[in-house]
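Two complexes are shown next, each including chain A; its partner changes from chain B in the first to chain C in the second.
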Partner chain A sequence: MFGWDWMSQNFQLVMSGITSGCVYAIVAIGFSVIYNSTQVINFAQGEFVMIGAMVAAVLLAKFGLLVAFPVAILAGCLVGLLVALFVLIPAKKGSVITLIIVTIGASIMFKGLAQLFWGESAIPVPAFTGVKTAWGIEDRTFHILGAVIGAQDVWVVAVTALLVLGMYLFFKYALVGKAMRAAAMNSTGARLVGINVRRMIVISFVMASALGAVAGVTVAPVFYAKCNMGMALGLNGFCAAVLGGLGNFGGGVVAGILLGIVEKVFGGIWSDYREAISFIILLLILFVRPQGLIARKSRKG
Partner chain B sequence: MSVNVEAPSSGNVTPVARRRIGYQNPVWHLLPFILFVIGCMIAPRFADEKGMTMLIYIGINAILAIGLNLLMGYAGQISLGHAAFFGLGAYTSAILTVRPIPAEVIPGFSVGLGVMVGTALLISLGRIAGWKLGAGVVLLIMLSWIVKALHLHAVGFYGVYAVVMAVYAVLVKASWWKGVVTGLMTVLTGCYCFSSLRNVLAAGGASPWTGIVAGIVLTCVVAYLIGGQVLRLKGHYLAMATLGFGVIVEVVFRQWTAVTGGSSDGIVGIPDIQVMDSLPGFVRRALEFMVGHKLDGPQEYFYLVWGLVFVALLIAVNIVRSRVGRAMRAVHGSEVAAESLGVDTERYKVQVFVLSAGLASVAGSLYAHNAGIGYINPSEFGLMTSIQMVVMVVVGGMASVWGALIGAAAIQALKTWLITIERTDMRIFGMELKGLDPIVFGAVLIVIMIVLPQGVVRGLADLAGASWRTIRKRKRIMAGRGS
Partner chain C sequence: MCRKRFLLVLLIVAGLVIGLGGGMCLAAKKAPLAPYVIGAIFSTTGDNAPLGVPERETVDMLVKQINSAGGIKGHPVKVLFYDDAGKPEQAVQACNDLLADKSVVAIIGPTLTGPSLAIAGMCEEAKMPLISCAASVKIVQPVRSYVFKTAQTDSLAVGKLIEYCKAKKITTIGFINDSNAFGASGREQWTLLSAKAGIKTVALESFGTGDTDMTGQLMSIKAAKPQAVICWGTNPGPAMVARDMRKLGITIPLFMSHGIANKQFIDLAKSASEGVVFPAGKLLVAKSISGAQKKVLLKYAADFQKSCGKPANTFGGHAWDAFNLVVKAVSKVGPDHAKIRAAIEGTKGFAGISGTFNFTAADHNGLTKDAFATIIIINGKWTLAK
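Moving on to the complex of A and B:
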């Protein structure tokens, strides 16, 4: 039972888990970026990924990577700007419930608009570095330890690593990044030293949505582009963010990849309830350790 | 621990203070109810068949909105998973009336119910939470397996449960008898479900009334179990946790095909509720005399639904103005402050959560037994439904019992209008207008929360009042300058 086949099967699951885990990690970082500067959980985070995936579905086959990536980033920035200016800032004075309801409203609105424009069915997207065959563009594959790994999976991991590194450097060294951290720690204090807190909110939304859009373009060839992919991705990303401690980038990334692997491995055993697994994990974490598993400092739940 | 939250006596209070504490002449409380009853008597005479269906749906939505409004508007706790309770009610009564539960599922079903009751007892009797509760639940499940493996007789497994749970209770520093009660109740519930209810569950075809009551009981137990854990979270965490719970329940509805029929089949042929036949003769004749004609079909169902709306309104209005209601508003204002004044915030939050889940379950049963349709499908109890309930509460105005009626009516009207638009094959920029609900509801949520956070009715009234006052002020200033 626990022979070579079993090993390679599980290895396969782990590898595909890492791919989806990377997406969760990016979404978790998006949550953390916004949470760090506004103390708001943006329920529309998953929709940013969906928008990136849709852009890829439209552009990737015709124009290639060099057009699709900038356009996706632009579209993501635009959407983030819209959400920040017309949804979040007007509602900022309200209670937490107001903010939750407003971002949920934005989320279902984007989902509905995507459904209107691109329909309900999943749109297949060609891989970045595919090979042309008789059936269209197929992904290159590698065989490692009996598992089949597509080139696109490598792309996803590489892009995630780049983004994580970029975010880390940005918040550590860039002036704007430092200002954003300051605004998050103490918004009155930040205002006193001349930081425009409202601008920081806008920037954080634009960044989070651009991050989401890049993730969307990268995973579209693996997951396909679907108008209702956002909610599940958003929830899984939130789960990862909570696991790693909200606002903690490194924790979010580790937790996201772990979550992806756990989900895939358990999904292999318990395939009917695959979609529920990450939510069960989320509930258990929230019940037992709302401050996150990896976080060292205890945060208020 | 809890302290009475008394209303200030209304004897020696100035009018301003009276208004502030919400004191009103009792007549103002009765008047809406009287208008409501008159409206219910008149409405069916002017409604055609389509109108009746819509009125029934509005009633069902109103029950949902009233329940959720108690939780969101008054206690200030958001729930994005209320469709799960709606669905639990619908599925319980649909399964009991139509779809027999397969024999091989029944043992697991009984054990599950038993463990759920045991867990509820652990929470309420032992006041256990966190890892202790988790350990207790695992222990109960393991005990069921052990008992099954040992083929014990009745006395044997009562004993095993009682002793093991007593030891467990002592270990987690509760009194031993609480463990014994928990263990015994778990076994009793499991055995009762297995032996007495087996025939009912396996045969199906129970009366709809049984279905409704069973739905309420099951939903309340589930809500108690989940609420006790979830409501300790705050703000965003609470929203995400309830959302996750809703999704889990929907996945179960979709995937547990042996019991729920899954998403392709759903449950078909759910019987109507024969309201008139189950009433005693003189009540039926009195009702028919009041309405003026014989009641059947949608008419009959209309009165059942709106009768239950009336009951829900009565409950809501009374709770809001009671000690519980004041405690709830205190929790909404500031949980820390309420706690420091001695309000048992945990208990009140769970109570109102269970109540609103129960109301959602009633609405679900009514939805399942809806005259002439009798079909349910997991997709009707998904995230979108939960969000629609939130939209109803937001449109009607948070913390406004009567606003919930308006919210329900407005959303139903909007939905009907959107369906007619989708049917006309109208095209904008060559796009088929399909699936407009999320766009419109999302926009409504955003706009109302930003522009009229108190809901449409009170918000517009406030706006009108404010502009009237400004006009008068301006006039007075102009007059002063003139003289």
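Moving on to the complex of A and C:
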């Protein structure tokens, strides 16, 4: 039973789980970036991925990667800026729960607008490094240890790794990154040393949405671009963020990838209940370890 | 001077009289008869908008056609559109609105099974003719006297596929379905009818509408070693099943449902769509069929392409059938609900888009499995399967 077949089968599931896990991880980071600076859970996070995927659907086939990526980042920044300036800051006087509901409203709005612009059906998106066939551009596949992996899956993992590394360096070394961390830890203190907390909030939204958009471009060839794709990604990313400890980037990444793998392995065993699995895990973890799988290092200070 | 002014006044008065009189004369000639109002509930937003949108576009087009040809015996046709977003509670709201409006002669739609079932009882009680465009057999079984449907029942599609399996001597199947109402109902019918036909289902899996990868499910199906895979769902899930089967190197035949009866499936699955077999309404292969339906199908396909700039699909066809059944009944018996109901039930040999309808008191769908053709995708084109 635990022979070569069993090994390669599970390896296959793990590999395909990592692809969706990477997206959950990036969405989880987005949740944490915004949570850290505002204490708000931004439920429009999944829609940022959708916007990236739509940009890819429109641009990738015609203009290629070098245009699609910058435009997606720009579109993401713009959308994040709009949400921060016109939705979040005007409503800032309300309680955190009001703001969370406002983000749900924003997410419904983005979904509706996307349906208006791009229609209601899934749109095929060409793989980054695909092969041209009579049907359009199709993904290449590799065989590793009995598992089949698409070239696009490799792209997803690579882009996620780059983003995570970039975020790490930004928060560790960049002045703005440090200021954002300071504003997150103690907003009054940060204000006292001259950090513009409001600006940090805007920057955090812009960053989170740009991150989501980049993830969207990268996974669009695998997931297809669909106006209602953001909801499921957002919820799974939220699970990952909570599992990893809200506000903890490393935790979110690990939890996201784990969640993706568990989902796939479980899908192979008992597919009828596969959609519930991330939420069952979430509930269990919240009962046992409310601070998340990977507890944040002391922020009591 | 004075005379001139008098003449001017006379001229103006004369002009007014003639103008008014002429106007009144015109008005009398063209006095619009009260419009016949049809209610329409479609899922034009939400997950199932790809079904609901062409239904609405079809009805929009038909209304324009019928009104520019003088309406029904001089009465213009007016359609009140409602969007239920695929949700039963919104369909109930829309239905309440339509039932309160005394001018509504009949309701067409909803697009989906859930909303249709939610309002079927309401329409029955209010004695309002309802022609649903949804798939499930439960809408018309048990029979409600005022409730009809035009979409082919899913058991007919399952029956057609079983016929094909038998012809190809396939006795073991791995079944995977969408967890939405369409997929779940297909699975129910498959389980029921395949057992009777002696076909064994060796693996039974499902996927969610938000799923992005089918590896897990397909690995378990592969492990059960069936002779073929059947996937019952609506896009994009089935495209992912086809794509991931190809990716994982699973080469057994892949059969699907009428849920993929649109170009989108081929666009999404690309080369993996090659060789996929599915039962679907004859619209897709209109050119290669014979019989009464051929002319109707070709005209609808051409009209829709012209008016909407995209190819017609079978979902829009369900609305075409529902709308025309109502129009036919109203032009025969006028706007009386009970008479419209009886006229629809009495419809025989009506060649529509979804099939040739023969309604009876016991059958309010009026179709047989011959409403379907078995289609195979070859080189990205729909072809009649042998």
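Please note the rule applied: the second predicted complex is superposed on the first by the 291 of 301 C-alpha atoms of A that agree within 3 Å, B and C clash if a C-alpha of one lies under 4 Å from a C-alpha of the other, contacts with A are read in each partner's own complex, and residues count from 1 in each chain.
The working rule: a contact is a pair of C-beta atoms (placed from the backbone, for glycine too) under 8 Å apart; a residue touches a chain by one contact, two chains touch by 3 or more.
Everything quoted here is computed from the prediction, not taken from an experiment.
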If chain A is used to align the two complexes, do chain B and chain C fit next to each other or clash? clash
Check whether A:L65 is in contact with chain B, with chain C, with both or with neither, and answer first, second, both or neither. neither
Check the residue A:I97 against both partner chains and state whether it touches chain B (first), chain C (second), both, or neither. first
Classify the contacts of A:L82 with the two partner chains as first (chain B alone), second (chain C alone), both, or neither. neither
First, second, both or neither for A:V197, with chain B first and chain C second: neither
Looking at A:V222, would you say it contacts chain B, chain C, both, or neither? Reply first, second, both or neither. second
Classify the contacts of A:G150 with the two partner chains as first (chain B alone), second (chain C alone), both, or neither. second
So in the superposed three-chain picture, is A:L282 touching just chain B, just chain C, both, or none of them (first/second/both/neither)? first
Quick one: classify A:M109 as touching chain B (first), chain C (second), both or neither. first
Mind working out whether A:M231 is in touch with chain B, chain C, both or neither, as first, second, both or neither? both
Report, in rising order, the residues of chain A that make contact with chain B in one complex and with chain C in the other. 112, 115, 120, 231, 272, 275
Chain C partner, complex, touching residues on chain A are 9, 12-13, 16, 19-20, 112, 115, 120-122, 124, 133-136, 138-139, 141, 148, 150, 219, 222-224, 226, 228-229, 231-232, 264-269, 271-272, 274-275
Can you list the residues on chain C that touch chain A in the complex? 45-47, 49-50, 53, 176, 179, 205-208, 210-213, 215-217, 219-220, 223, 235-236, 239-240, 247-249, 264, 266-268, 270-271, 273, 379-380
Could you pull out which chain A residues touch chain B in their complex? 40-41, 43, 86-87, 90-91, 94-98, 100-102, 104-113, 115-117, 120, 231, 235, 238, 242, 272-273, 275-276, 279-280, 282-283, 286-288, 290, 301
Residue numbers of chain B touching chain A in their complex, please. 72, 76, 78, 80, 130-131, 134, 229-230, 233-237, 239-241, 243-245, 247-248, 251-252, 255, 383-384, 387, 390, 394, 398, 431, 433-446, 449-450, 453
